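Once you scroll down, you'll see the structures, which are given as structure tokens.
Each of the next two complexes has subunit A plus one other chain: subunit B in the first, subunit C in the second.
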Partner chain A sequence: MRNDTPIIIGLIAVLLLWPLVMGDYAVSQGNRAMIYALMALSFSVLAGRLGWFSLCQTSFAGISGYTVAILGVKYGWPAGAVIPTAILVAVAFAVVFGLLTVRSRKVSFLMLTLALGQMVWALSFQWVDMTGGYNGISGIRMPMVLGINFNDDRIFFALLAVVTLLMFLGVRRLYQSRFGLLLLGIQENEERMRALGHPVYLARFVAFVLAGAIAAVAGVFLVFDMGIMSPSPLGLDHAVWVLTAAVLGGYRTLWGPALGVVILVALEALVSQFTDRHTMVIGLVLLLCILLMPRGLAEVFGQFRNRKAKSATASS
Partner chain B sequence: MTTSRTLMIGGVSALALAAFQAQADDTVHVGVIGPTSGVFSFFGEQQRMGVELAIEEVGDSVAGHNIEVTFYDSQGDPEVVVDRLRAMQSRDDVDIVVGPVLGSTGLAGLDWARDSGMPTVISYSAPEDITMRDRAENVVRAGWTGAQPMFAFGEYVVEELGHKEIVMVGQDYSFPYNQIGGFLKSFCAAGGESVERIWHPTGTSDYSSILATLPEGDAVMYNGAGSDGLAFFQQYHDFGVDQRMPLIGGSNFFAVGDLPEMGDAALGGMSALQYAEGLETENFIAFRDAFWEMHGEDTMPLAPAEHGYVAFRMAIDAVEEAGSTDREPVISALRATEMPDAPRGPFYLDDYGNPVQNIYIYEVQERDGRLVNVPVETYEEVSQFGPYDPEEYMANEPDSRNFPPEDCSDPFYDEL
Partner chain C sequence: MNQEMALNVAGVAKSFGSLVVASDVHLSVAPGERRGLIGVNGAGKTTLFNMIAGELRPDRGDIHFFGERITRDSVIRRTLKGLGRTYQVSTLVPTVSVRENLALARGSGRLPSLWQPWQEAVDDDLLATADQLGLTPLLDDPVSELSHGTLRQLELAMVLARKPRLLLLDEPAAGLSRVERQGLMDIIRELPREVTLVMIEHDMDMVLELSERISVLHHGEVFAEGDPAEIAAHEGVRDIYLGRANG
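Entry: the complex of A and B
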């Protein structure tokens, strides 16, 4: 976090150039990467600040996605009403789940979120009248606003890029705030924070709901990007994918989760062209990364930069 | 900085690949998509093997175009399907898509194809709305709808087997809904009385509570497949219910892969499909032998293989007919598909893009020491609408958990 202005400037440059320079497929991959970067960010807010490893962040994305699909397609609500409602519904779920999980720690938190996530998944699968079950709901499209067609991949990219960047900057702000420091303090020593008079449970609950809201926004983009909503994004494998990306990139840092997602998406896109056994190749890469860099790529790079800075000052 | 550097590297390599894959206009590039990894890889592998056989038979070129085929793995996931289809369209310059294979992925493929205009031949994927209420001009199907074989079976069960009250136990999702929906419509029209539906969640392994309280009827139908079906089959016999009521199946229940495990108790088991591995027509035997020669005699070509094979041939035939890979002529050639020599038997597409084809009522019999499904009755030219008028059929709500009504005296059946 020290001085990440160059990262932010570089990122803005890439986000500006990407849709101008790259082909259609790369742009759609960029969209996917940003959506999952938001989910990984949502995961990392809890994992990095509170030591809470959640397996239900993708469920919040799924809930908002399904809300968009159900209200938009089945009930024909206008998008202007659908999108805020979807985020509110997902946040409402986050409030309930937060109340249920706020007292749990580490493994019990992981298990609780696993159970809650699986319940939502099962609901999406079995509440056929509402969710379309296994077949899902199709035909979800972005609205035309002021003659701008947001279904165009590049326009969608621009909108998503702005939102993603704002969300990351918002979380950056959060990490630097007193509240962010309080969360870190709770992770380090919960008893001491309580003794100091901080509302530990309230802080954790608020963080949980905030993380849920981030995932909810990702879910809205996810469903409009895909055009369909099916139970698959709510499945355990997607939750684990997000966890993997965050751990690979470094969930303790702000930009680590995004880095992890970009690497995984790029690997999947490139390796799957050459072999059907791409999951194996990717698994191997992950294994090596996590063995060699257990704290994640972003922290390794961070240390590298620190060392360079130190040796530069030493030699001068 | 690090993030941006990674993005750059990714970008450069993607650009390089794009350049690498830019290709001349004199090829026809077919993208085949199916689940070749994951839980459903059996279906994807079958399709792949069928397509490989078709590739060999078709040769290297059609209408002066070199044929190029790329296989894509859908992982059985609708989200992955959309992603791979985007890659086909914008990265790989695919001209025609064959697949997807599974129900949900087929609907995802349809939804994407509607916007992109890509000529698409859906293979095994069976949700009826792909070629009904949600149909798209550029999407046709080489396979079937869930209800289609059951139109014939419902009639057969009443008229030939004499069962008028059926107790159905089935997996709780859309494909079995559609199967029993088709069954009920023709069953009631032929003079059946009722079908009581009992649904269980997929992945159920213990059926004792269902079997202990099973209502009486003339026969029991298991409407599902896979490991659930096997478990049901075994417990059905363990409980001795087979002494009271015979067991019939939905289209995939007596799948040939499961028959060895069911054993001789499966003998005489009946179901219906547009395909049967016990067919003895010349076209089928030629197909089966060529398939065995290519992939070994241990692998029986099943419906997903034949549908993949046929879908690929439909795609190539359409290019030949159109004389180019231009979308419009290819799509109209696809929609006009007639295949008198398909392995499963002759078929043509109806106005909505689904095959009108033979349905075989088949029975499990022993042949050369192995259990196979042998056709005992053929219903010719069965359409996805059964005997009904397409527009009237589609005006009804789609089949669901409890639609159509289970009692044949319901006024719904008088109006049908």
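Entry: the complex of A and C
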């Protein structure tokens, strides 16, 4: 992995300054961007390291979100119990989905995750007694902790920024680990990795569950950010939105998915000011980006940095 | 007999639908032996390797490794028992460096650390193996930029780093230049006797020079077996290679 310390320092500076200098709308968009950056990170752990394109990562976010809503609002559990339980429930689903998909290959994996994601989505609006159907469950609020009101957008931003940064740094460490290297090896040639004594299915399964856990954390923040949990975030359009962001930013890199999310969120906010047909304009921009930079923006920047470093070495 | 042999293949057969690839293969290789495995294309050599390595399960027959029955063992279990192999086509991780590929060489059958940096997997022993194969100056080069000969050397280094008791080399000289082939032969010649070697190779000069015994596969069976001089003089083998033997 290239030296990305300047990126981390820049990111910390932006995250520190954003709630201080930006208006309410920008802060709320920042919250949304970080939540979706976590979902895109979850997607890219599988796509970038294993070549597995998952369409059910947003389902894990939805499962943790619904667990928070059901236990917190319907059953009145305290937030301190609701949040870890929600993550555990989503991870339990990731374990089951992981067992079902671990032996599948690229296209069959995509189709299996599509089917599983659609099942969760269908459950979310058909199990009306529990989920509230299309109307969802509203009235979800962050708790007050030590007198700090996390329902304040700027305080919520600070908490979310710390968690997002920690999650990205955790995945960065994972990518630099022996396990992270093995995932790349499995993507290139799983038979070879097996012949070198590596447990291929176990490694895939663990990666899938870890990715599910990241999405689960995103789901907890999503439900508190929206204050309502409905089937909408579990829909295929959300899964494709996350996939698009990760591909646009560069799903093979650590920071690419976050970059893709920031660009998409900013584009949506910007274009919707000028036209109602913002989806079409954004689609066109994406089409051009993906045609011109199929490996994503982060990899283009990386190649540019490599070329600069090489030419500097050559001239010295 | 199984107790004495590094490898004992007994009556192994494999078919894909109506295509019989191995019909009744018997092969015994003594510990430390250098065995050549030859035969025309389609004779079933790589299929036999795949069955020995565990990538294919035989329809019938048995495989013993140093006296232990491994017929139903997984690839990983066979690897952990000391069986190593290379492939006809180099199967490395091209998107990363030589050093990172070496770091992947020694799987333990368990999940590697999710926290420990991969660099810590490259110890002095691994670096010494890489050095023996002339890879030291290339450690930080991307694998995608290596020559075909160097890829072969890296692949061999990764297998040797596991200190295998039995090494299966599948056409190690395929695609190599004369100089590269000579270098590879030197490396194979210097392998310690603790490593038993079975080698598929189409380069007859190489097989005759490196093997102590040669088995000839034909139509999924061992057609002939002997020392290099016997095989070179074998009338039937000559007929096979000249296309005169059909059955």
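Operating definition for what follows: the second predicted complex is superposed on the first by the 316 of 316 C-alpha atoms of A that agree within 3 Å, B and C clash if a C-alpha of one lies under 4 Å from a C-alpha of the other, contacts with A are read in each partner's own complex, and residues count from 1 in each chain.
Convention: a contact is a pair of C-beta atoms (placed from the backbone, for glycine too) under 8 Å apart; a residue touches a chain by one contact, two chains touch by 3 or more.
As the structure is a computational prediction, the values presented were derived from the model and not from experiment.
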**Asked** So, on subunit A, is it clash or fit between subunit B and subunit C?
**Response** fit
**Centroid geometry (CA): angle subunit B/subunit A/subunit C, rounded to a multiple of 10 degrees** = 140
**Message:** With both complexes superposed on chain A, which partner does A:Ala203 reach: first (subunit B), second (subunit C), both or neither?
**Reply:** second
**Asked** In the superposed arrangement, does A:Gly147 touch subunit B (first), subunit C (second), both or neither?
**Response** neither
**Asked** What is the contact status of A:Gly76 with respect to subunit B (first) and subunit C (second): first, second, both, or neither?
**Response** neither
**Message:** By the touch definition at the top of the document, which applies to A:Gly139: first (subunit B), second (subunit C), both, or neither?
**Reply:** first
**Request:** Identify the partner contact of A:Phe301: answer first if only subunit B is touched, second if only subunit C is, both if each is, neither if none is.
**Result:** first
**Request:** Have a look and say if subunit B or subunit C is in touch with more residues of subunit A.
**Result:** B
**Message:** With both complexes overlaid on chain A, does A:Arg192 touch subunit B (first), subunit C (second), both or neither?
**Reply:** second
**Request:** Kindly classify A:Ser177 by the partners it touches after superposition: subunit B alone (first), subunit C alone (second), both, or neither?
**Result:** second
**Prompt:** Looking at the overlay, what does A:Ile228 touch: subunit B (first), subunit C (second), both, or neither?
**Reply:** first
**Request:** For the combined overlay, can you note the least CA distance between subunit B and subunit C, rounded to whole Å?
**Result:** 23
**Item:** subunit B and subunit C contact sites that coincide on subunit A, given as residue numbers
**Value:** none
**Item:** Of all residues in subunit A, those that touch subunit B in their complex
**Value:** 6-7, 10-11, 13-14, 18, 21-26, 28-29, 32, 125-126, 128-129, 132-136, 138-139, 151, 226-228, 230, 232-233, 255, 258-259, 262-263, 266, 269-270, 272-273, 276-279, 297-298, 301
**Fill in**
subunit B contacts subunit A in the complex at 1-8, 10-11, 13-15, 17-18, 36-37, 71-73, 77-79, 82-83, 86-87, 89-91, 103-104, 107-108, 110-112, 115, 127, 134, 172-175, 177, 201, 400-401
**Request:** In the complex, go through subunit C and note every residue touching subunit A.
**Result:** 53, 55, 74-76, 79-80, 84-85, 87, 91-96, 100, 103-118, 120-121, 158, 162
**Item:** Residues of subunit A that touch subunit C when the two form their complex
**Value:** 173-174, 176-182, 184-185, 188-189, 191-199, 202-203, 206
